[in-house]
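Structures for review follow.
In the two complexes that follow, subunit A is the common piece, with subunit B as its partner first and subunit C second.
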Partner chain A sequence: MSLYVAAFGFGLVSTSVIALAAVGFTMQFGITNMINLAYGEVMIASAYVAYYIDSAGLSIWLAMIGAALFGAVFSFPINRFIYAPFQRRGTALLGMVIVSLAVSLMISNLMLPIVGYFSVSYRERFSSLLRLGPLALTVNQIAIIFLALAVMLAIHALLRYTRLGKAMRATAANPTLARSCGIPTQRVIDVVWLITGALCGLAGVVAALDSDSFTIASGAGFLITALAAAVLGGAGQPYGAMLGAVVIGMVTELSAAAWSPDYKEVVAFAILVLVMVLRPQGLLAKRGALAAAG
Partner chain B sequence: MKSFQPRIGATAGLLAAVVLAACGGGSSSSGGGLGSGDLLVGVLAPFSGPDANLGPAYYAACLAAAPEINNSGGVGGRQIKCQQFDTRGEPADAAPAANQMIAGNSNLMAVVGCTSDEASAVAPIVDKAHVPMFCMTGQSEFNKTKLPYFHRLVPADIYDAYAMVGWIQYGPNHPAWNKVALVFGDDIGSQSFVEPATNALKHFGKTVQNFPIHLGASSFRTEVTSMLQFKPDVIFTEALGSAGTYLGEVKELNGSKTIPFVGTSATIDPQWFKDVTSTIGVDDLVANYRGVDLGYTFSGTAYDEFQNNLKIAATTFANAPKYNQRGSTLHLYDGIIMSALAMVATNSHDTTVYNPKIKEIANGTSGATDVHTYKEGLDALKAGKSIHYVGAAGANDFDQYNNSQSGYILVKYDAQGNEVQVAQLTPDQTKALSDAGGI
Partner chain C sequence: MNTYYAANLLIFAGVDIIACLALNLQFGVSGIVNFSFIIFQAAGAYAAAILSMPPDSNPDYSFQVYFGGYQLPFPLPWIGGAFAGALLSIPVGLVVLRRLRTDYQAIALLVTSIIANTVINNARPWLNGAAGLALVPQPLQDHVDTSADTYQYLYIGLTAVCVAIVWFVAARIVSSPFGRSLRAMRDHELAATALGKNPVALKTTMFIVGGAIAGLSGAVLVGFLQVWAPSTWLYPETIILFAAVIVGGRGNNVGAILGALLVPVGFEEVTRLLTRLNIGPPNLIPALEWVLIGLFILGFMWFRPEGVRPEPRRVYEGAPDA
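On to the complex of A and B.
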């Protein structure tokens, strides 16, 4: 039983890491209609930026802010100067996926000579272990959980209670109509890429910190779980991505406790497939903040 | 009609690919002579994915062997080039990579790499193309392989597993280790350590439990918690690409205390050292790590030459000199040089002609002259002598299945990441371990 309690705690940490990554990813799709496969590479590039800041002797939490800023500043031109021109020419969604794959490979290969093959770790990767019975979490892990909670609440407030959030929802629902109503959709999209880029950067550092060590190859793994959570929850739905993160984060850890760890990803992705069969639109489609009415 | 155009295009493309493959589907050609133009060594290995740290070690071997051969005039004037072919450590990616390598390069003289991740998929392909290969797989299925172009310069994984058990039984300066946790990847190659280690440990009265992990996962907290509940005295591991994360979480969840661990010969690797020290720290690694390796001397003419060539290789691959004590780098370097010498000895670039000569040069024949470098080999061959190559990794002794084996040493790391030999398993000890394993 104690293993299940411990796994539940770890599931909370995994959920937090996945949610941070998945919400940004799904917002990019929901608002700008872009399945950005370069998301994982931007995450890992941001994680390396944080690594260099951390190595310079600054706190990892300051490095996290630096990485979030980098993620925003890096993602913005990727959309403005690569994705947007293709979209303006009417490139189909599948074509855009290929473009983003190409961007992903370019980022990865440009980074390789800079960061090398070797794995790296943050100086402050270790923190005190706090125990509550069989539940054992480090201070860093608890901080990650609270950080994710705060970010999710902030996203909720942004989408629900601000003019920008309403403009985002309108742009997601029908960009032509939104433009006709006087919403500067291009500016909204720019802001979305800055915000989701910052989320991506933040998620990269959190995922790298949670992994203890990371390499340039870690980006693909980060992307797969974010993508799975986003699809499970309903593509384009931030609340769906949060729910998807809970399902995948918890299922992977609890199934590792219940059966062999060999099956933890099998179980998580089997659930994903099952949901796709029974409810192809995802768990929360048409219920999220970005969904069209109806 | 328009909808048929892509299908026609695809068919034409397929036909073109088939024709190309047929034209370049092997590097063998009839007739004598060493030919002209550059020769290619294909480094067929994981350069991405969880085992991405393996490919660079093999690439370094090729980049070191190239100047060794080229600076002595090449193979009959032909220069050696190295090219990476990324298998991503997955059979599904490895087979197309192997086919592409063969179809696109008629000047392929040898292939190095093919780890346990993909050897089963690529070895038959390379063998069918009649290209000599030097594989870094420990899989038992190759113990009695019938592939004539397959060569293995390292023992099967089961011997690595036995040597690890040897640390417990015969290794100096450690307390009694009675409970052993086996932490290997859940892939077929990694799990091949489990059965022989379990058999041998149980034979010696130890308690043992297997805790497989999925290599490349971002975290192993639940797996580590499960393993810690077993309360092991020592961990047997390899966990390439994930060892840092796993052992870091062990330390974290075990009250900042690292459990002693014994690594396979593949853990004698600069990337593995960096990966693990980045999470548990150098002091913890030096204090708690034990490993096994083949009995290299890291000295002598051939080794000195190898080190010099690694420095030259640094102009292409900056990390190459870091592989100066990586067993696989030494072995593959030797494999390439033996292939080149075999070509010169047979005066042929026909793989069917020079492939059998590789074994002859490695094992030596009666009255053969020992040579330690490519140049020494060339000079001896020019003088009409038969040669026995004793390379950077020492002498080889291929059996009828082209498997070459040597004895094991027990090692540790120093703080700089250098291997430090602490003991050597005697033949009697090795036999006792092998008998205990029963495989």
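On to the complex of A and C.
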């Protein structure tokens, strides 16, 4: 039994990591209509930026801020100079998926000569253990949980209570109508890419910190879990992504306790397949992945 | 040595042509963005391998773990490879193609490809895990001397026969009424449905046909390489084939062949030449090759989305002038 309580604790940590990654990804899709398959690679690039800041002797939390800034500054031009021009040209959604995959390939191979194949880890990946009965988490893990909670609350506040959030929701619902109502959708989209880019950078460091060590190849795994959570909750829905993160984070950790930790990603995938077969629109969305009926 | 090099090149070209024709049938003609294409090639390769290898209890093969090992004579492993590709396409196609929106289909297939690789990589008892299968017998090795130069010519001939068969099948599909339905579905799924075409059935059929051809390409490849491991079928390999079809001209079989010769074969050769020059860190040139492939895709999508050889406009008798 205590094994499962411990797994529950890890589940909370996984949930936090996945939620951070999935919310940014799903906001990019919901508001700017872009399935950004380069998301995982931007996460990894940011994780490496944090690694260099960390190895320079600065604190990992400072490195996280640096990585978030990098993620924002890196994601913005990808949209502004690659995705947006293609979208303006009328490239279909499917074409955009291919474009983003090409971008993902380019990012990871531009990084490869710089960072190499070796796995690296942060200096502060070990921290003291706090116990509460059978629940045992490190200080870092608890910090990750609170960080994710704070970010989720901030996103909730942003979307619900600010003019910018309102503009974002309007742009997501109907960009043409939003523009007609005087919302500067172009600027809203720019801001969305800065915010989601920062989230992506932050998520990269957190995911790397949580997995002890990481390599350039970790990006695909990061992307899959974020994708699974986003699709599970209904793509484009920030709250759906949070719910998806809870489901995937908990189920993967509990299955790892019951079965084998080697297949965490496979379990996430199995959940994804089940949802795609049984409820393609996702848990929360009305349409989502369901085929457009025209 | 030179014959070996030329044989290498021709056989890789043949395999890439077979694969590109299959991907063109799926992506170019039917509009299925099959981002998991490479797993069907892998299925064919694994199937051909275990059909031709002796069981892993054989002392020469005991350093690896795998199921099966049937030692079937030559054409059977290749046929089995094609069959395995088709067989794997059925469950994947049924899950992915039935209800999902097309962009989600693409993502689901990409995820499938990554996960399949993870599973085979971690699960050693099935197909020897990350180390992969080695010492896969070459076709007809009991009857001819495989070390002789003439064997290279024989293998080129076998590959050419497969290319010809696949070309024939692909050409027939494209020019048939069935091919017309596929193009109608690709260009306007709703209209095709309204005319009584069943897009799910059409897509699933093409998924299986393409899977079978992909499996065959894997079987041809593994017979030549004699090794097959998860690292040979990572998902970026699919992207190369997509780049080839996009560059060559989607929907056009000649374009697919041209793309296969330009992108996978061409890039491989240029990289080989550049690597010899020893510029920069050891992994710089291969990494730049991938960057260049990405740029190629972006460039063609932007400047010439129809590719080098665009799909011919088909005009039928009695059709009104467009």
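One rule holds for everything that comes next: the second predicted complex is superposed on the first by the 276 of 294 C-alpha atoms of A that agree within 3 Å, B and C clash if a C-alpha of one lies under 4 Å from a C-alpha of the other, contacts with A are read in each partner's own complex, and residues count from 1 in each chain.
Just so it is clear, a residue touches a chain if its C-beta (ideal position, glycine included) is under 8 Å from a C-beta of that chain, and two chains touch if they have at least 3 such contacts.
On a predicted model such as this, the values are computed, not experimentally measured, just so you know.
S.K.: Give one word, clash or fit, describing how subunit B and subunit C relate on subunit A after superposing.
M.R.: clash
S.K.: Considering only the touch criterion stated at the top, classify A:Thr91 as touching first (subunit B), second (subunit C), both, or neither.
M.R.: second
S.K.: Of subunit B and subunit C, which one touches more of subunit A's residues?
M.R.: Of subunit B and subunit C, more residues of subunit A lie in contact with C.
S.K.: Quick check for you: in the superposed arrangement, does A:Ile35 touch first (subunit B), second (subunit C), both or neither?
M.R.: second
S.K.: Have a look at where A:Cys181 lands relative to subunit B and subunit C in the superposition and call it first, second, both or neither.
M.R.: Once the two structures are laid over each other on A, A:Cys181 reaches no partner at all.
S.K.: Tell me the contact category for A:Ala56 with respect to subunit B and subunit C: first, second, both or neither.
M.R.: A:Ala56: touches no partner chain.
S.K.: With both complexes superposed on chain A, which partner does A:Val139 reach: first (subunit B), second (subunit C), both or neither?
M.R.: In the superposition, A:Val139 touches no partner, neither subunit B nor subunit C.
S.K.: Touch check for A:Glu265: first (subunit B), second (subunit C), both, or neither?
M.R.: both
S.K.: Can A:Ala154 be said to touch subunit B (first), subunit C (second), both, or neither?
M.R.: neither
S.K.: Hey, which part of subunit B ends up inside subunit C in the overlay, 57-65, 93-101, 255-263 or 363-371?
M.R.: 93-101
S.K.: Taking the stated contact definition, name every residue in subunit A that is touched by subunit B in one complex and by subunit C in the other, in rising order.
M.R.: 116-117, 221, 262, 265
S.K.: Which residues of subunit A touch subunit B once you look at their complex with the stated criterion?
M.R.: So the residues of subunit A in touch with subunit B come to 2-3, 6-7, 10, 13-14, 17, 116-121, 125-126, 129, 136, 138, 207, 210-213, 215, 217-218, 221-222, 225, 253, 256-257, 260-262, 264-265.
S.K.: Per the contact definition, I'd like the list of subunit C residues that touch subunit A in the complex.
M.R.: Touching subunit A from subunit C are residues 31, 33, 35, 95-96, 98-104, 106-108, 110-112, 114-115, 118-119, 122, 190, 235-236, 239, 242-243, 246, 280-281, 283-284, 287-291, 293-295, 297-298, 301-302, 305.
S.K.: Residue numbers of subunit A touching subunit C in their complex, please.
M.R.: 35, 37, 82, 85-86, 89, 91, 93-99, 101-103, 105-106, 108-110, 112-113, 116-117, 220-221, 224, 227-228, 231, 235, 262-263, 265-266, 269, 272-273, 276-277, 280, 289-292, 294
S.K.: Looking at the complex, which residues from subunit B come into contact with subunit A?
M.R.: Where subunit B meets subunit A, its residues are 48-50, 52-53, 56, 186, 211-214, 216-223, 225-226, 229, 241, 244-245, 248-249, 251-253, 255-256, 271, 274-275, 278-279, 319.
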